[in-house]
Amino acid sequence: MDYVVLLKQVPDLAEELEIDAAGTGLDREWMSFVASEWDEYALEEALLLRDARGGTVTCLALGVAAGDVDELLATCLTRGADRVVKVGTFEHAPDSHTAAAAFAGALAHIHYDLVLTGVQAIDDLDGQVGPLVATNLGLPHVSVVTHIAVAGHGSIVTVHQEYAGGVVGEFEVQLPAVLGVQTSRETPRYAPVSRVRQLMKTATIEAMVGGEGGGSGLVVEAMTIPETGSTAEMINGSPQVIAERIAAILAERGIGSGVAR
Amino acid sequence: MLGRDVTREIFEGISFEGEILFYGLSALATIVFFVGIGVRLRKYVRGRRQDVIGSPLGFLRRAARSSVDTALNQTVAKRDPYAGVFHAAIMWGFIVLFIGTAILTIESDIVRPFLPQFSFYWGAFYVVYSLVLDVLGLAMIVGIVAMAIRRARRPRQLDYGRVDIGPATTDRGGFRTGDWILLGWLGLLGVSGFILEGARILANDFPWFEVFSPVGWVVAGLFRALGLTAASAEAIRYTLWWSHAIVALALVGYFPFSKAIHAIVDPVNLALRSPLAGRRLPVLAVAGAAPADGHIGIRDLSDLTWKQLVDVDACTKCGRCHVACPAVASGAPLSPRDLILDLRQEADAAWSILAPLGEHRSDRAYGGGTNGTGPADGSNGGSRLAGGLISADTLWSCTMCLACVEACPVGIEHVPTIVGMRRSLVDQGIVTPSLQTAFTSLAKQGNSFGQSGRARAKWTDDLPTPIVDARKQDVDWLWFVGDFASFDVRVQESTRLVARVFQAAGMDFGILYEGERNAGNDVRRAGEEGLFELLAEHNVGQLSKVRFRRIVTTDPHTLNTLKYEYPDFGGDYEVWHYSQVLASLLASGDLMKQRSIDRRVTYHDPCYLARYSKVTAAPREVLAAIGAELVEMPRNGANTFCCGAGGGRIWMDDSGLAERPSEQRIREAAELTGVTDFVTACPKDLTMYTAAVKATGHEDRLLVSDLIELVAMAVDLPLEVPAVNEPVPAGEIAAAEVLPG
Amino acid sequence: MSGDVFVIAEHRDGAIIDTTYELLGRAKALAGASGGEAVAVLLGSAVAGLAGSLGAAARVIVVDGPGLASFSPSAYQAALVPLVRERQPALVLVANSGSGMDVAAGLSAALDLPLAAYAIDLTVDANGPLVTCQLYAGKILAKVRFTGGRGIVTVVAGSFPADAGAAGGSPPVETVVPAATDDRIRFVDLLRPEAGDVDITRETVLVSVGRGIGEQENLELVEALAAVLGGAVSSSRPIADAGWLPRTRQVGKSGLKVKPKVYLALGISGAPEHLEGMRNAELIIAINSDARAPIFSVAHFGAVADLLDVVPALTARLGG
C-alpha cells in the first residue's frame, strides 16, 4: 500500500505571538516554526501501517521559505519515510485552500492508496486541509480519526471517528481516501538530531510543481490577542493563604462545610 | 655461621623421573596459562580502537603514578581500611610467594646447572628469603581468612541479586560458588605450603636456621606434639610435596580463566584509566554525521572498544559501585555492577570463553541474538546490547553521578559505556515521550522548559541594577547562567541573589542574555550527541564574539562541559564555580561579612562539583567565612550521594522508583542532630531537595537553601520585595520566620 | 442567491445535539439582518419527526434517504452539495464537531465557497457577515469577512446559548430526496465508552486535573480533596489519554460538557477544546503555575501556584 502524508510547519507557541503593524496578521520577526502536531501523528500512523503491512510512505510539504521545510522533510526521512517531496514555492505558508490545491496538483503525479494528514492545525483559519484536498481530488474523507485498520486485501480501511463524550463512530472507507488524523496509537517516534542533520546534507528532497488555484476567499479585518486573566480575581500568597481564601469562597456558596461522601 | 650448609635441598626426596614429571606438568600449566591469556588478548583485539594513551609523556606519568597506587593498594583501601589491609596482605603475599618461586626456579634450573659458581640460595640470602616468604605467606593466609569471614557475613555489596529481572536470585549463576572456590584454593595453597614446610623441617630434624621460617617451625613443632616422628614426617612429605605442587600448578593453569586474572588485568586497567573518564565524553567519529556502517553509539557487542572489553574483565564483583549507586538505592532496574558483568558474560559467551568454575551463566541467556527487545537486526554478530541485553529501562535509569567510577577500585569506567549505549538508544529512536519533549524544546528554543529562548533573561527583570550585556561590552567574568537558574521559579530567586552579591562585591561581570543556550552537559549524557553538537556549536559561537577573561557558573553540570568538553568544539575556557568565586571574594575582602550566620548547617556536595570537578574545599571555606557551623553529611565530599536529577533524569518520569534518591538524602540529613539548614550549591539540587523536603514531610525540620542565600544574609543584602502578583515562595517565608532579626 | 442562514443540524440516538440549538438561536437572530430566514437542514432516514424540535427555525429542509440513515461524510457531502448549490444561502452554519469538520470543508471545496473556521462569534452588519475566529490554540482572534459576502462558518461549541434555539414548534417542513449519493464511506457502528462509575455531568462539584498534576500518584491528593468537597474528579484530555482516569471523566470538546456549581481547574492550561466543556460552570476556580494560562480568562477566581502545595492545604483546611 502506498501512503502519502501531507505535513506543514506552524508557528511555535512557545514564542509570544505578536500582531503586525497593520493589525491584520502576525508579526513574523521572532516567529519560529515547529511541525504541526497532528501532522506528526498522521506520519506516525502511516509509518506504523507500512511497517505492519509493507508499502511506501511519501511525505509532501509545501515549499515555504519561512521556517525550515528541509528540516521537516529530513525529519520525516529520519523517522522512516521512503520519499519526501517539496511542493511548489511560497514565501509564507498559504491558506488551507491554496495548500489543498497545491497538494492536489502534486498528488495527480503520485500513486497513492491512502492520504493521511493531521485533522487540523492551529492556523487553519479557512478550514482543514484534509477534506479540502479530498474534495479537490474527488476522494472520500474522514476527519478526527483515532484508529485505522487496513482490511485484508487493502481496498478498504476501517476507521474510528471521535465525537464528544468519548463516543466513536466506526466506518469502512473505500480506498483511495483521505484521513484527518487526531492521534496516533503510539507517540511519534523520535528523530535523533545527528541523523536529521546528516540527512539534510545528503538526502534527496524532490521538488514538484503544485496545483494552482485556491485562495481562502476571506479578508482579515483585524487580528487581536484576547485579554487573558481579565475576568479572574487573583488570589496571592502562600499555599496556606490561597487555601484559606478558596475555602472561604466555597463556604459562601455552601460547599465544603463538612460535607463528605 | 651462615655458610653453604644453611640451605635446603630443592626437590628433596623427589626422584629424577619425578622432577621430569614436575617439569612436564609445569610446562603444561604454563602453556594453559598462556593460552588463557591469549584467549583474552584475542578478545580485546576484537574491540574497536580507542586512544587511551594521549600524550606519551602524560601517559607514562599516569602509568607510573598508577603503579605506585596499585602497589600501595590505594584504591582498595579507599573508604574501606579492612579491605585495604587484608587485600594488601593477600596481594603482597601472593606476589612475594610467586617471586620466591621464580627465584627458586632461576636458582635450580638456570644457575645450578649452568653457572654453579653464582649459586645464591644459601646462607644469609636463604635466611632472609625464608623469613620473608614465611611472613608474607602467613599474611596471605590471614588476609584470606579475614576476607572469608567478611564474605560469610553476607555484606550488602556481595549480594549478587539482580535488580532488573523479576525476583532477585541470590546466587546468580554460581558467582558465590566461584568466588569461594578461588578463595579456598588460594587458602589451600598457602596452608598446604606451610604444612609441607613443617613436615620438611620435622623430617630434617629442625635445622637451627629454619627458625627463620617461623611458621614452618611452629607447624613442625605442632606435628611433633601430635606424635609425628622425623621418619613419618619424611614418609608423608612426598605426598604433601606433590599435593602442594599440583594445587599450585593447577592454579597456574586455572589462573587466566578465573577471578584471579584480575591480578594482571587490574593494574593494567588502572594504568590505562583516564583522569577525564566521564568528564569528557568521546566525540562522534565523524562530527555531525552517522558513521559509514550506519549506526551511532554502542549498539552491539562489536561496537565495544578494546578498553571497554578490558574494563569489563577487570571487574572483581566487589559490589562497591552497586552500593554507591543512587539507582540501586532508589529501586531502579540499574546496577552498574550487573551492567558490567552482563557485558562480560555476553562477550565471553559470544566468543566462547570458559566461565570460571561454578559460575555458569544461568541468570539469563547470553551469547548473542535473542536478547530481549529491540529491533530485530541480524547484522553485526547479533549481540544486541543497547535495548537488547541491557534494557532501555536499565540504561535510562542512570543519573550519571560518577559514584560507580569513583568507588571502583579497579578503574572501570562505567559512565562512558552507558552513554555509548544511550547514544544507540537515541539513534534507534527508543526515547521516552517526556525526554522527547525535552529534546525538542532544547533543539528549538535552547532550553528544556518549553519556553521561548527569548525569555531566558526574564529573571533579570526585577533586579535593581541591570546586569551588563556581555555581548555589547567587555567583561572580566562571563557568567554562564544555565537553564534551571534562568527558568525555574524557585532557583530564579537565588540567581538574582547571586547577581546582587556579585554587584555588591564590585565584580566586573556580564551575561549573554538570550544568546545563551543550554550548555548541553545533560543532553550529551542522555545520548543525544547531535543535539549536544548543535548546542555546543551555538554557545562556542556566541562566546567567541564576546571578550572576557574567565567564565563563572552556578551550575556544576555547565561547569563540567564548558571546562572539559567544549575544547573539543573549539572553546577553551577557564571556568570557575561560583562557590570558588565567593570564597575568593570573602578571602580578599571584596565581600565583607557583616554578621555571622550562627546556624548549624549541613552541606550537600553536588555530584558534578565534588566528583567531576573535584571542588569540595571552596563551599566549605565560604561556610566557614560566614560563620556557619558545618556538620558533615555521612556521605560527603567525593563520596556524596546523588539527588537523582542528572543524566537527563530530571526530564524523565520517576514514578516507578521505590524512593527517590533525593528523599533518601533528606532522611540522611534529618538524622544529624541540631542541623536546621540543608545547603546546596547546584540549581538542580535546589529544585530536587526543595521538593524532597516536602515529600518527606521534613519541611519544618530542614530549610533547603542555596549557598548564596546564606552569603547574602551574611553580607546584609536586603531581602527582595516580591513583585505584585508573584507568589511569595515558601522558602523565603520560612526563612523570614526562622531567621533572627 | 438568498439571505437565508442554513444550519446543518446534527442528531444522534433520535435527538438533536445541543450545538445545533446554539447555531439555530444565532441563525434566527441574524437571519433578519441578512435578509432571509433561519433554515435548519436535517439529513437522515425517516427523521421528519425530529423537525418538531427545530422550532426556532423558520423552515426545515429534511433530506431523507436510506443512505443517510447514519452519519457518513461522503453521503452527507453528496446530499448537501447540490442542495446548497441550488439554494444559495448567504451563510451555512456548521458545528465544529467531529462530523461538522468533514461536512464544512467538503462543502467549501466542492462549491468554491469560503469557509471561516473556529468561529466564536458571528454578526451581520451593513457590510455583510463578520466572523470572529479563534486561532493558535486560542491565543489569537481574527475578525474576517467573506470576499463574496457569503460563506460557511464552523462554530466552536458553547459560543452561543443553546436556549435561544431550543424551541419546539412546527416549522414548515420541506422534504427532499438526496440529489446524489456516495456510499464510499459506510457507517458500521457507534461505539460508546464503558459506563463509568461516575457521571460527571450530574455532579455539583468537580475537581478537575490537567497536566500540572505531574505524576499519576498525585491523583490521590486530588481524590482526597474531591471527597472532602463531596464532588468527583474529572480531567482534561491528556490525563485520559494517559489512562490515569477513564475517558468518562474527560471534560472538553471530545469529552463531556459539564455545568457544575463549582469547577476547580487544577493544573489545566485552558486550551479551547477544554474550555468548550466547562466554561458555563457557575463558579470556576483555577490554580496553575503559569500566570499566562488561558484558563484564567474564564475562571472567576485564580491563583498562580503549585497545585501540589495548595491541594493538601485546602483538603486539610476543609477538614479532610
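Letters A, B and C mark the chains as written, and numbering starts fresh at 1 in each.
To be clear about the criterion, a contact is a pair of C-beta atoms (placed from the backbone, for glycine too) under 8 Å apart; a residue touches a chain by one contact, two chains touch by 3 or more.
Note that this is a predicted model, so its numbers are computed, not measured.
> With centres defined by CA atoms only, which chain is the most remote from chain B?
If we average the C-alpha coordinates per chain, C ends up farthest from chain B.
> Between what two chains do the most C-beta pairs come into contact?
A-C
> Measuring centre to centre with CA averages, how many angstrom lie between chain B and chain C?
Each chain reduced to its C-alpha mean, chain B and chain C end up 59 Å apart.
> Centre to centre, by mean C-alpha position, how many angstrom separate chain A and chain C?
20
> Using the average of all C-alpha atoms in each chain as its centre, how far is it in Å between chain A and chain B?
The answer is 47 Å.
> Of all residues in chain A, which are in touch with two or more distinct other chains?
Within chain A, the residues that touch at least two other chains are 234, 236, 239.
> Could you tell me which residues belong to chain B and also touch two or more other chains?
Residue numbers touching two or more other chains: 725, 727, 730.
> On chain C, where are the residues touching two or more other chains?
291, 303-305, 309
> Residue numbers of chain B touching chain C in their complex, please.
Touching chain C from chain B are residues 489, 653, 655, 694, 725-727, 730.
> Going by the contact rule at the top, pick out the chain C residues touching chain A in the complex.
Interface residues on chain C, with respect to chain A: 12, 70-74, 77, 97-99, 101-102, 104-106, 108-110, 112-118, 130, 133, 135-148, 151, 154, 157, 182, 184-193, 204-205, 227-230, 241, 247-248, 250, 253-257, 261-262, 283, 285-287, 291-294, 296-306, 309-310, 313-314, 316-320.
> Name, in rising order, each residue of chain A that touches chain C in their complex.
Spelled out, the residues of chain A in touch with chain C are 11, 13, 17, 19, 26, 96-97, 100, 119-120, 122-128, 130-132, 134-136, 140-144, 158, 160-174, 177, 180, 182-183, 216-236, 239-240, 242-247, 249-250, 253, 255-256, 258-261.
> Quick one: which bits of chain A touch chain B in the complex? Just the residue numbers, please.
12, 14-16, 30, 32, 34, 79, 187, 189-198, 201, 234, 236-239
> State the interface residues of chain C toward chain B in the complex, per the touch definition above.
Interface residues on the chain C side: 215-217, 289, 291, 303-305, 309.
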